[in-house]
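Pasting the structures in now, so scroll down.
Shared chain: chain A. Partners: chain B in the first complex, chain C in the second.
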Partner chain A sequence: MRERQFFSVQNLSIRFGGIQALKDVSLEVKPGSIHALIGPNGAGKTTILNCISRVYKADGGTVVFKGEDVSRLKPHQVVSRGISRTFQNIELFSNMTVMDNILLGRHSKRQTSLLNDALFWGKSQRQEMQFRERVEEIIDFLDLQAYRNLPISRIPYGVQKNVELARALAAEPDLLLLDEPSSGLNVEETQDLAFWIEDIKEDFGITILLVEHDMRLVMDVCDAATAFNYGSVLAYGTPADVVKDPEVVKAYLGEEG
Partner chain B sequence: MFWQMIVSGLAMGCIYALIALGFVLIYKATEIVNFAQGDIMMVGAFVAYTTLILFHVPYILAILMTLVFMALFGMVIERVLLRPLIGEPVFAMIMVTLAVGILLRSVAGMIWGYETYRFSAGMVDQPVRFAGVSLSSIHLWIMGVTVILIGALYFFFNRTKMGISIEATSQNQLAAFLMGIGVKRVFSNIWAIGAIVAAIAGILLSPIQFLNYNMGYIGLKAFPAAVLGGFGSVPGAIVGGIIIGVSESLAGVYLPGGFKETTAWIILIIVLLIRPEGIFGIQQQKRV
Partner chain C sequence: MRFIKRTTYMHDIQLFRYRSTLVWYLLLGVVVLAAPLSMGAYGMSLLTLVGIYAIVALGLNLLTGFTGQISLGHAALFAVGAYTSAILTGTHGVSFWLALPAAGILAAIVGIFIGLPALRLKGLYLAIATMGLGFIVEEIIVHWSSMTGGVNGLAVSRPVLGAFEFSSDDSFYYLVVSILFIMTVIMKNLLRTPTGRAFVAIRDSDVAASSMGINLAAYKTIAFCISAFYAGIAGSLFAHFMYFIGPENFTFLISISFLVMIVVGGVGSVHGAVFGAIFITLLPEFISFTRGYLPEVIGKQVGLQEATYGLVLILFLRFEPMGLYGRWLKIKFYFEHFPFYKKDTFKRERKFYRTEH
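Up next is the complex of A and B:
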């Protein structure tokens, strides 16, 4: 008897024109772990995240999350199943404030009626207060207090990345997908990020699947890693083992001459 | 005389504002400039006329039926003609809206004929004396209804879940999907709202103009109003509409004949020359 899998991808394939971006990719993420996807540029790491969050429609394969096949859902249904994500090139609502952006992370949890909301009465009021309390906790956690009421277009890039992370957390996911969270951050910001990622796992109990190029970050915080090249899995194991794998070394550095 | 002109300009400005609002709402959410907005307004006015005058439905019920019908009408246009074009160049969709406008005009001509109707839409025209000025009650009605409608829309867009979904979709569709927002439903709803606003504009316009298959041309004048306010800005559409309405009304009295009809376009050209982003426009900044 096999225990029920928390999250797994089986035989995922997708083709863009003549390019086979993913070929029979299978991987499993253990609950409560931080799992990294690594590989050279164009290996298909972001494509996997896009297939999971249904931005792309995979040609074949399944994505199973908590016993349910989520690979046939519509893109807007994914968040309600407990999967939220961030993007490599920040996708925020740029004319809204930091606060409103994070509140939108809880949008799928709004349960009040049109009239109730318009009058802002009873249940709507209680819900809004609950939401804002939760958002304030996240703001405190990610040190966003100073930016709370500024529009996204007026805050620095590194902070925007944190807002995106905050918005993904506001959805209270069970699985968090991070696409190159450290890209564009300086050394200090990357260190903060490493602590936050560990805290998200420890304190919030959220499982994390991330695409990352910064090998130091991967070695420091991740429990497992899967390496890719040309849309196929090269190696799987602890980050320390994966980087020593001869196939992985070859993919990064080329063949020994 | 001056104050009467101001008030009648304000009333006309409210109509422009409502049509411009229709342009802006649909544009914001879907990036489509709906050139059929004026003709949808005409259909709304005719549907109200049909239920009220031809079928003798009681007033409130007739208006409600008109609004429900128009909401469905907007949704059908979106679903049947525009949704299949998602992913095509925006230009193609704008051409479709132009075609829809022409189509509506001819079909309305076939159904209701080409003559001009008198239609008071239940509003009684009587002079109202206010601070020594004699005003038309219809003008006051128009302003009152516009203010209430704008207030209702304000609450809808800022408070309700669907309103926030529409706002989010207009800023970033991809992120909206990830927040659990069904973008297709948002498009459908915004067309319904656009058509409802147009129908109300049509019902308000009929008593001060005439009801005619060609009345949608007035939608073209709402276009400078939207540009003046800053295309894509809701307060801009309202302010722009009112400025156009009032200047047109004043131009009719104080400037030589012919200026009244061209005022809107003169304002449009001046705006494009000195402040192309409009009064409340946000200048688009792309990170390079």
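Up next is the complex of A and C:
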């Protein structure tokens, strides 16, 4: 008998017009691991994340998280099941402050009603204090203190990426989806990111599924990797094994000729 | 320069950041309460209208400024509030104190219908759809004469509390001011809690908002609902203040003037709603005052007011998109940071990110 799976994707398919973006993709993420999705441009990595977080509706297949099929949920219900994400092209609320952005990450933990909020008394006030306390912890963790009260449009790109990470963490997920967390970061920022990703796994016990192009980052921090090309799985294993896989080498470098 | 040492999380979100702010607001409160002593009857009626329009503008600002959903149908919601209150108190003899919330609630229900297109439409298309619904309500008022009095309109009485009747303009002014105060506090509270943040999130990024767990359809509907509730309450006050309402009080131009209010006042700010209401109420006064001094070709034109609305709107959008509130912030900044103010402080930055949607 197979033990209950933490997170698995089974036979996921999606088609955009004439392009079969994903074809019968199956993968499994072990609890407490850092799992990378790699592959050349257009392989369908981001599409998988978008299907999991229900930005796209998959044509077929299931996504099972902690024993529940989450592939039929509405987009806003996914985060309440314990899956939160970041975006490849930053999707922050650009006219709000860093603080408010991260506070929005806690929206799924909201307990108050509209009436509570209108009066801002008792429960609503306590909740707001709790939210802010938790957000301050995350701000400390990701070194965002200096930017706390600045609007997003006034902070540098690298920091914006961190704010997105902070916002995803604020939801206290069990599974964190990161879409190219290191794109656009310089070497130093990527180093910081690598430490944070490991800390997120070890200190918060959050499982991470990330799409990443920076192979050094993948080799350094990931426990497992799945390689894709043209919407299908090429190889699965430890990052070191996957990069040596002849199919993967062929996909990246072309055939020896 | 002022710095604040924050010792509790409450410091970040309290209504008055500095003690001096509280003092200024108390002073403003005294001035507002003492206004009837120094103003004539005409001035008081203008001030009462400012209060009523400010309530509408607060609501519309929540919808357009904070949630990013445009509405050109707010005159219709204003009308629903006015007629509900007028019919309930006039025909059915219901007390004003029940008719007032009823007007708000019925407007909120109509607001849901006006908001339905918002679940699928955006920007210009939403503007046209809400405009259409606004016209529908206007036509219903004209043609359903057994209920609304049609083009003849309805007479409305002033509210009574126990033995006291709000028959004088001064007493009605105090009623409007106290309701405006309550509505402002509610708005401020909503904006500093998850509800308000969710609205702003929807305005800034649909995708991110829903991935944070915000139900877009529900929150857009709630935004329309709350906004309509404000318009309904204001409509009810308007009806009882004017003694008489007819379809001409709720035309499309009124919807436009509500929109001008929030743009001129400052989109996405609570202060802006009040500034805008003051501006829009005083503008016609200013126009009729200057008419006599203008060359006859311009001064005698019929559409002078509408044209001025348009001109003001264009000038604000071009030169001060943050409206009067933005200007107010800049002046405040100048004095707070004297002599460190430099001309580029508020220069708008160019943005190069977010190419894909």
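Convention: the second predicted complex is superposed on the first by the 257 of 257 C-alpha atoms of A that agree within 3 Å, B and C clash if a C-alpha of one lies under 4 Å from a C-alpha of the other, contacts with A are read in each partner's own complex, and residues count from 1 in each chain.
One rule holds in what follows: a residue touches a chain if its C-beta (ideal position, glycine included) is under 8 Å from a C-beta of that chain, and two chains touch if they have at least 3 such contacts.
Bear in mind that the values here come from a model prediction, so they are computed numbers and not experimental data.
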Superposed partners chain B and chain C on chain A - clash or fit: clash
Where does A:R132 make contact in the superposed view: on chain B (first), on chain C (second), on both, or on neither? second
On the A-aligned overlay, A:L209 touches which partner chain: chain B = first, chain C = second, or both, or neither? neither
With both complexes superposed on chain A, which partner does A:M96 reach: first (chain B), second (chain C), both or neither? both
Identify the partner contact of A:V55: answer first if only chain B is touched, second if only chain C is, both if each is, neither if none is. both
State whether A:S80 touches chain B only (first), chain C only (second), both chains, or neither. both
First (chain B), second (chain C), both or neither: which does A:R154 touch? second
Of the two partners chain B and chain C, more of chain A gets touched by chain C
Which residues would you name on chain A as touching chain B in one complex and chain C in the other? 53, 55, 74-80, 84-85, 87, 91-96, 104-105, 107-108, 110, 112, 114, 117-118, 120, 124, 153, 167, 171
Of chain A, residues touching chain B in the complex: 53-55, 74-80, 84-85, 87, 91-96, 104-105, 107-108, 110, 112, 114, 117-118, 120, 124, 153, 167, 171
Within the complex, which stretch of chain B touches chain A? 152, 155-156, 159-165, 167-168, 171-172, 174-183, 282, 285
Could you pull out which chain A residues touch chain C in their complex? 53, 55, 74-80, 84-85, 87, 89-96, 99-100, 103-108, 110, 112, 114, 116-120, 124-125, 127-129, 131-133, 136, 153-154, 157, 167, 171
Partner chain A, residues of chain C touching it in the complex: 8-10, 12-13, 186, 189-190, 192-198, 200-201, 203-205, 207-216, 222, 268, 349, 351, 353-356
